[in-house]
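Per-chain residue numbering starts at 1, and chain names A, B, C and D are given in the order in which the chains are listed.
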Amino acid sequence: MTLTVDTLTSWMNNFADKIEVNKQYLSDLDTPIGDGDHGFNMSRGMKAVREKLTTKSVDLQAGFKNIAMALISTVGGASGPLYGTAFLEMAKKSSSTDDLGELLKAALAGIQNRGGAKPGDKTMVDVWSELVPEVKAGTLSKDKIERAVESTKDMVAKKGRASYLGERSKGHVDPGSESSGYLFEALLETEGLL
Amino acid sequence: MSLGITIVSHVPEIAEGLPKLLKQVAGDVSITTAGGTNDGDIGTSMEKIMQAFDDNEADNILAFYDLGSAKMNLEMAMEMSDKKVHLYDTALIEGAYTAASLIQAGVGLDEIEAQLKPLTIKD
Amino acid sequence: MSLGITIVSHVPEIAEGLPKLLKQVAGDVSITTAGGTNDGDIGTSMEKIMQAFDDNEADNILAFYDLGSAKMNLEMAMEMSDKKVHLYDTALIEGAYTAASLIQAGVGLDEIEAQLKPLTIKD
Amino acid sequence: MTLTVDTLTSWMNNFADKIEVNKQYLSDLDTPIGDGDHGFNMSRGMKAVREKLTTKSVDLQAGFKNIAMALISTVGGASGPLYGTAFLEMAKKSSSTDDLGELLKAALAGIQNRGGAKPGDKTMVDVWSELVPEVKAGTLSKDKIERAVESTKDMVAKKGRASYLGERSKGHVDPGSESSGYLFEALLETEGLL
C-alpha cells in the first residue's frame, strides 16, 4: 500500500499502454455524449507523461508533479485539468504520506474541487468515489472497477459536455469514467502495490 | 422536419470560429453563418443573413445572434425569407452549442426550446 | 484599481475576434485572450491563460470563458498567478461586452458585478 | 402636407447634406454611450441614398423603397434596419396615401416594431414619437425639434448599445435622436412640404 518512484512509474506506463490500446474506444464513447476526443486527448497526455518518466524522478513528489504538468499542458480537454489536479494533489500529499489510499483520497478531493461534480453526475468522480474506498480497504478488484464504470451508463449527466444533452445522456458510459477505470486497473496490475 | 443553425455575429471571426466548436459535437448539423457587414467590417448585414438562411440545408433554422442590432437585421431577413426561422434571445455561444448538441442527438424542437429557455438573457 | 478583461475560448478565432467587438466600445481597456490549445486546436490551455493574465495591463482582471473545461483551466491559472482575477459564469460574448462597456465608462467593480449577475448562465 | 417624388428627393438630399456636415459630431455623440460610428454609418447610408435618387423614381412608393434598400444594405449598425424599416413602412403606406403625417406615423410604428423601444428608452423613438404628431398638427418647428433631441440627454437608455451602461448613459444626447432631428429639420426646410 505504499507507493515508490518505481511503482509509480510502472503504474503510469501500464496506464499509458491501456490508453494507447483503447484510445479509439474512449473517443467513440465520447462521440454520442461529447466531442469524440477523449481517447486522443488522453493518448496525447500519457505520451507526454511517459516521456517525462524516462528520466527517473528524485522522489515521489517530483514524480507526481511531472505527471501533473505533462497532463495539464498536453491533454487539451476537460480531462487535462482534472487528471492534472489529481496528480498535483497527490504531489502535495506525498510530502506527508506515501500511503496509496491517502494519496488517492487527496486526488479525488482535488477532482471534485476542480470540476464541482458530485457522485451521480456521470463523470469520472463516480469511478473515483466508488473505488478509492476499495483501495483503502484493500478490496479493489477488476470486477468492482467494471461495475463502477458501468454504473455511469444509466446516469443523467450534470457536468461536462454531456450535461448539455440532459436526459439524452442516458444509456452511454461516461468516457472519463472508462479512462479512470483503466487507471485503477493499471494500479491493480502493478506488482507490489496492493 | 430537419433542424439547422444560423449564427449571426457582428464579428466575422466569431461567425467563422463558432461553427468549429459546434461541429465537434454536431458533425451532421447544417450550420451557416453571417458575420460582419457587407464590407467585412464589424456589424451585421441583412443580405448575408438571407444568404445564410438560403445556404442552410435544414428546413427549420434555429438562429442565434450577439447584439441587438444583429437581431433587427435577423428579423428583417426572416420577414423576407421563405425559410422557417426560429430566433432565440439566448447567449450566442452557449445557446448555439446547446442547440447543436441536442439537434445532433435527435432531440425535437420543443425539447430544445425548453433547454434554451434558461439561457435567455436578451430581449 | 485598474480593471482589464481576459477572454478564454476553446476556439482561437473567437478569442481573436471578440476583442474587436469590445474595443469598439472600450478602446482604453486592456483586453487579453487565450484561445485554443497549445497546438492551436480547439480546447484551452492553462499556459496560454497565464500568459493572457501576464500580458494584461490591469491589476484586476475580469475573466470570461465559453465552456466548463475552459473554466477549470482558468481556475488552475488563477491559483498559479499573482494577478487578482475575478471569474464570471456569464454568457461569454454578452458578459464581456457588458463589462468592457462599463469599465470604459469608469464604473467600479461592485456595480459591474451587479450588472453581470443577470447574465450568469453557467456554474 | 402631401409628398411627391420631387419633394421626397429634395428632403433626402437636404438630410444627406446635414448628415455629411455633422457626421463627426454624430459619431462623437455615439462615443461615450456607444461605439462611435453613428455618423459614419449614416453618412455611408445617405451617400447610397443620394446615389439611388439621381435616377428619378417612377412613383413615391418606388422612391421610398429605393431609400430603404440603400440604407438597409449600407449603414451596418442598428440605425440601418431602423431607418430602413421606417422608409419601408412609408413605401407600403404610400399605396394608400401621400399625406406626410400619415406616412410618418407608419414609419414610427415600424421603428417601434423593429427595435421594441418605447418613448423614454433614449432612442430615436423619442424624437419620432414627439415630432410625428407635430407634423400631423402642422406645428413642427426648429425649436420643438431641438427640444425633442435634447430631452434624450437625461434619459437612462433601455435599448441599443447605450443600455449596457445603465445609469451611466445619463447626461449624453442619443446619437440616433440627433440624426432623426436632422431628418425632421430637413423636412421643415423642404419647400412646399409643410
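The definition used in the following text is that a contact is a pair of C-beta atoms (placed from the backbone, for glycine too) under 8 Å apart; a residue touches a chain by one contact, two chains touch by 3 or more.
Molecules present, by chain and UniProt name: A, B, C, D = phosphoenolpyruvate--glycerone phosphotransferase.
Keep in mind it's a predicted model, so treat the numbers as computed, not measured.
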item: Most remote chain, CA-based centroid, reference being chain C; value: D
item: Pair exhibiting more inter-chain C-beta contacts, A-C or A-B; value: A-C
item: Chain A-chain C separation of Cα centroids, rounded to whole Å; value: 29
item: Interchain centroid distance [CA atoms averaged], chain A/chain B, Å; value: 37
item: Centre-to-centre distance between chain C and chain B (centres being mean Cα positions), rounded to whole Å; value: 24
item: Whole-Å gap between the CA centroids of chain A and chain D; value: 62
item: For chain D, residues contacting two or more additional chains; value: 35, 161
item: Junction residues of chain B, two or more chains touched; value: 24, 42, 67, 97
item: Interface residues, chain A side, partner chain C - complex; value: 35, 72-74, 76-78, 80-82, 84-85, 114-116, 159-161
item: For the chain C and chain A complex, residues of the former touching the latter; value: 37-39, 41-47, 67-69, 72-73, 75-76, 123
item: Residues of chain D touching chain C in the complex; value: 32, 34-37, 161, 164-166, 168
item: Sites on chain B touched by chain A in the complex; value: 24-25, 97-98, 101-102, 105-107, 115
item: Residues of chain C that touch chain B when the two form their complex; value: 9-14, 16-18, 20-21, 24, 42, 66-67, 90-94, 97, 118-119, 121-122
